[in-house]
Amino acid sequence: MESFQYDLPARPCVALPVRAELWGVVSSGNLEVLVETGPPPDQCRFQVETSAHGFSEVWQAVLEDFVTRHAVGGLSFSIHDAGATPAVVSLRLEQAMQSLKAP
Amino acid sequence: MEGKRTLFDRLFPGGHGVSCVGQVLRGWGATTRGRVHVIGTTDHAAIDARIALMLSQAVLDAVAQGPAGSPLPILFIADTQGQALSRHEEALGLNGYFAHLARCVQGARERGHHLVTLIDGEAVSGGFLAFGLLADAIVALPGAEVRVMDLRAMARITRISHDRLVALARTSPVFAPGADNYWRMGGIHAQWRPDQDWAALLEQQLYAAPADDARADLGAVRGGRLLAASLARQVCDAP
Amino acid sequence: MNRIPGKSYREATARQRVAGLLDADSFAEWVGPAARATSPHLAALGLPCSFDDGVVVGQGRVEEAVVTIIAQEGQFNGGAVGEVHGAKIRGALQRAVRERPTAVVFCIDSGGVRLHEANAGLLAISEIMRALLAVQGAGIPVWALVGGSCGAFGGMGIVARLCDAVVMSEEGRLGLSGPEVIETVMGVEEFDARDRALVWRVTGGKIRRTLGEATVLVEDRLSAFRAALESLRHSCPVALPRTLDALQAVQDQLTARATRESDLRDGQALWDRLGLGADAAWMDTAQFNRRLQELA
Amino acid sequence: MNATGPSRLWNHEARRRTARLTRCAAFLRGKEVAAADMVPFLEAVLEPGDRVCLEGNNQKQADFLAAALADCSAQRVHDLHLVQSVLALPEHMTLFEKGIARRLDFSFAGPQAHHLARLVQDRAIEIGAIHTYLELFGRYFIDLTPQVCLIAAQAADAAGNLYLGPNTEDTPAIVEATAFKSGIVIAQVNELRDALPRVDVPADWVDCFVVAPRPHHIEPLFTRDPAHITEIQVLMAMMAIKGIYAAYGVERLNHGIGYDTAAIELLLPTYGAELGLKGRVARHWALNPHPTLIPAIEAGFVERVHSFGSEVGMEAYVAARPDVFFTGPDGSLRSNRAFCQMAGLYACDLFIGSTLQMDLDGNSSTATLGRITGFGGAPNMGSDARGRRHASAAWLQAGREKCGGGPPVRGQKLVVQVVETWREPHHPTFVERLDAWQLQEDMGLALPPIMIHGDDVSHVVTEEGVANLLLCRTPEERSQAIRGVAGYTPVGRARDRRFVENLRDRGIIRRPEDLGIDVRQATRDLLAARTIKDLVRISDGLYQPPKQFRNW
């Protein structure tokens, strides 16, 4: 397993604080993402644990694009990845965003 | 069966009458406090529906026979290589036969029968789950082999190297075969040494006060299973 | 012809099943993913963990009646039971004895013991069995739902049959030893695990329903499983009795079955004998149920 | 002319044919050969160095004859030149390992791709060329005519007439070339019948037949279980339907085999219907009877399907839908690979398929290191037929886009590659350099095994969007358009972001949101069937899937 953490500047999320919510499952080629209220409102935190080694740059690129697309400041995304492709990662993050709810 | 007779001589110096039909043991043993029921399997039985039915009938008979008000303890002898593997047994629904056996064992417990299991030989996953592992107290005799799967088969299925599993098994009791590992995890209450007085030890177990399933706590105390008890409690008490 | 009606139970995740089975917004989870109760044993082997260790437990409502719900995630390690996974289930069952819900709904989707923590898994299943028997002892029924991709095998196959009612879809499977295990040990002539139609004729919902092991056979739709729960409130409101007579009656039934089906190796033989027809394996669920009822 | 000189013989081939038949006459009872005599029979008929077609297709295999040939003595039968479209059976490899065969001209080697690559490296085989199907069939009539062909049919009558059943595939092309050039036609049949449902090959084209001990193998190659279709494939299918099928009004088309295209087939009756496309797109098909096409047929999208071969389990369904399929008087499918390839090349406006690798020129290949897969039919379908003269709306629109506005002198075939940017971690689909180039070096091939050339590709669809290569005016635009949909692969991340945004403004790259597609709606719930069982139900029980696809 490889793990890393990124704290990226982000526009504040309007729905803060959010109810913790889990999306996706850990199975081959898939991942789960847990969305919680976390860092300051101008920061977004990603904690990634992945079974695919050597992809930190790809992860960073995927997550930077995601932060550009959405106002996710104040949120933390914890990810357990079992070899999902970037396409699946983006899709799960989009699905998680769609479901953000107040606690 | 010859080995089992020697075992019963040692467990019940006061006498015993255990018969063996098709790898199923049924009968009685005499303790200083009276007779107890003996039910079990021998010769590393692969438990199929027929054996499971004989065991469950033996349990039901033990419950039906007992003098009302003072149910006799039941001693289970576990010696099983696991469930029988065949297409027929699956089609027939062997898991349902095992579940019925488990319900009969619980029925006996609910009627006040104290339940003790001795592992003499092998105790492997499915066959062990159905009755032996459901007792109030579980004891491993010397040489008992307790396991789900040996490490080579596990390495093949999990695709983790055998060497790595062997190395990890030295520090963790969580996956490797062995009565010691099960003892550390609280799954076996006691292991008897060859030089001990088994008849006396058995009596202590057979007439102990009944208790709830405390194996997870035992595992925590013994340091082999640290999360099972606390997590169940956490779920129980969660807001 | 447009869309297939309704969401598939088989394809749904454990969380989607929970949401689809319970009244809207009625679910409250115990020790949810934010608690990060993950498996230290998988981590020690360098394998991916899951925030809920592959099982969701909590309480919710079915038509306003409070139920305890347990849902295994078949896609995570085949729904296999490890220490944490098992402890969560056991805790939920113990809590049910204390809180006395209308029923415990147990969505089983598991191959049995998680080999990476095999000893802990075996003990956990034993503890689940005892805790489940205690729930029933308190009069509370436990309803098993079997329709996931892993079915209910190994120790969880035994657990499923301990339950007071079993709701299955045709796609669900219920057994003890998986076909792959039997093929590996006994040879491909004994059980060809790649012959999927055979696998389902031996372990699938239709043969289980025919033998009476599945209480109801429903379509593979989340809504159909939900509807089955609603009707179980009326048909199975309390745990099955464990009186000596009741246990002996089951003993006699199982004995009769073992004698009658002494050479059963394929569900088709059963259907042929019952006069269900050569196309029993092809019938849709409604038709199959209707034919079974006509023959009963 | 020279009336006085010694008269020249003009029938060498016919004499040689007579000699072959004389040598094997002892084995013939009428035209039938006993299965037990097959090895000595072949040893009598064949001569060293013969050009032989041992019928091997995608699905249908002359497997009994292949095994018999492999059992022949290499002393008596050797150095054969095999000319056949597909190498699928282990016996095909044995022929080369034993020295019975030496040279090979072929199209496709799916299941034997690794083995074939090894034989080439060991110099145990000489490869003439890797062909497309039509190319190989063409050469049957020019310079690769078989002297002996070993074919597979469903049934024969006593006279030797053959009934091919639904799986025609290559048989007519092989038999036509062999029988009319003094070759020997040998057929294995599953059964001998008094009367055939229809005569597909007349008896006087057939020299002998053998009733094989077992029916010939047919691989259910075109069955895609909808259960394996992913959300990403659903998303790409939505983009293909809205961004290409609807945008060009594609009525006549061919699909490759794969989950990507199966997803499109299963979205037509749902998403396609919502877009109002019924009757406007996907009406006429050159396609095998894919089970995943059933919902679109039942929904009335599909009007007509002509097929290369058949598909196991689709027999009853096809027979019950004669308005859609080409069927014989007996109700069974009449397929024909040569004609269907021709239809795909000349009469279709779109081909869509997938690939394993694509480079910045748009060249794509399924050949990766250590495997020689060959091409099959994709290059015929996936190329612009420059001999085409009739017009259609889709063809004209593509032609206009390609020539940049002026009055087009010809249209353009739509050739679409639909791929995920990553197949799995460590395997990006988009690469700077195809493995095919390395393979060419390793194998000593004259050309790199490129399946579809970049200059034939009109669109690339990935989960990131659709790139319209017809609108690209310079090589740089083209490569940036490809980078612009290559996602987070190294190729994609090396894009010039401003350049790509500019291409997006010009509609050369279109993202899902540009097409009005909400990514979050891309779920499996959108599929018209999610399981094989759904397909059976939608077919009203007519589709009978092989047992390995059933979970009931």
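Brief remarks on what is shown
Which chain is which? They are A, B, C and D, in the order written, and residues in each are numbered from 1.
Throughout what follows, a contact is a pair of C-beta atoms (placed from the backbone, for glycine too) under 8 Å apart; a residue touches a chain by one contact, two chains touch by 3 or more.
Everything numeric here is computed off the predicted structure, so don't read it as measured data.
When the interfaces B-C and A-C are ranked by C-beta pairs in contact, the top one is B-C. Work out the mean CA point of chain B and of chain C, and you get 25 Å between them.
With centres set at the average Cα position, the gap from chain A to chain C is 33 Å.
Computed from the mean C-alpha positions, the centre of chain C lies at a distance of 44 Å from the centre of chain D. Those chain pairs judged to touch are A-C, A-D, B-C, C-D. Within the complex formed with chain A, the residues of chain D that make contact are 230-232, 235, 420-426, 463-464, 487-488, 493, 519-520, 522. Residues of chain A that touch chain D in their complex: 29, 52, 54-55, 57-58, 61-62, 83, 85-88, 90-91, 94-95, 98.
On the chain C side of its complex with chain A, the touching residues are 13-15, 32-34, 43, 46-52, 73, 75-76.
Within the complex formed with chain C, the residues of chain A that make contact are 1, 20, 22, 24-27, 30, 32, 34, 36, 49, 51, 78, 80-82. On the side of chain C, the complex with chain B involves touching residues 30-31, 35, 37, 40-41, 44-45, 57, 83-84, 86-88, 90-92, 94-95, 98, 113, 115-127, 129-131, 133, 137, 154-155, 157-162, 174-177, 179, 181-182, 185-186, 190-191, 202-203, 207-208, 211, 213, 242, 244, 247-248, 250-251, 254-255, 257-258, 261, 263-267.
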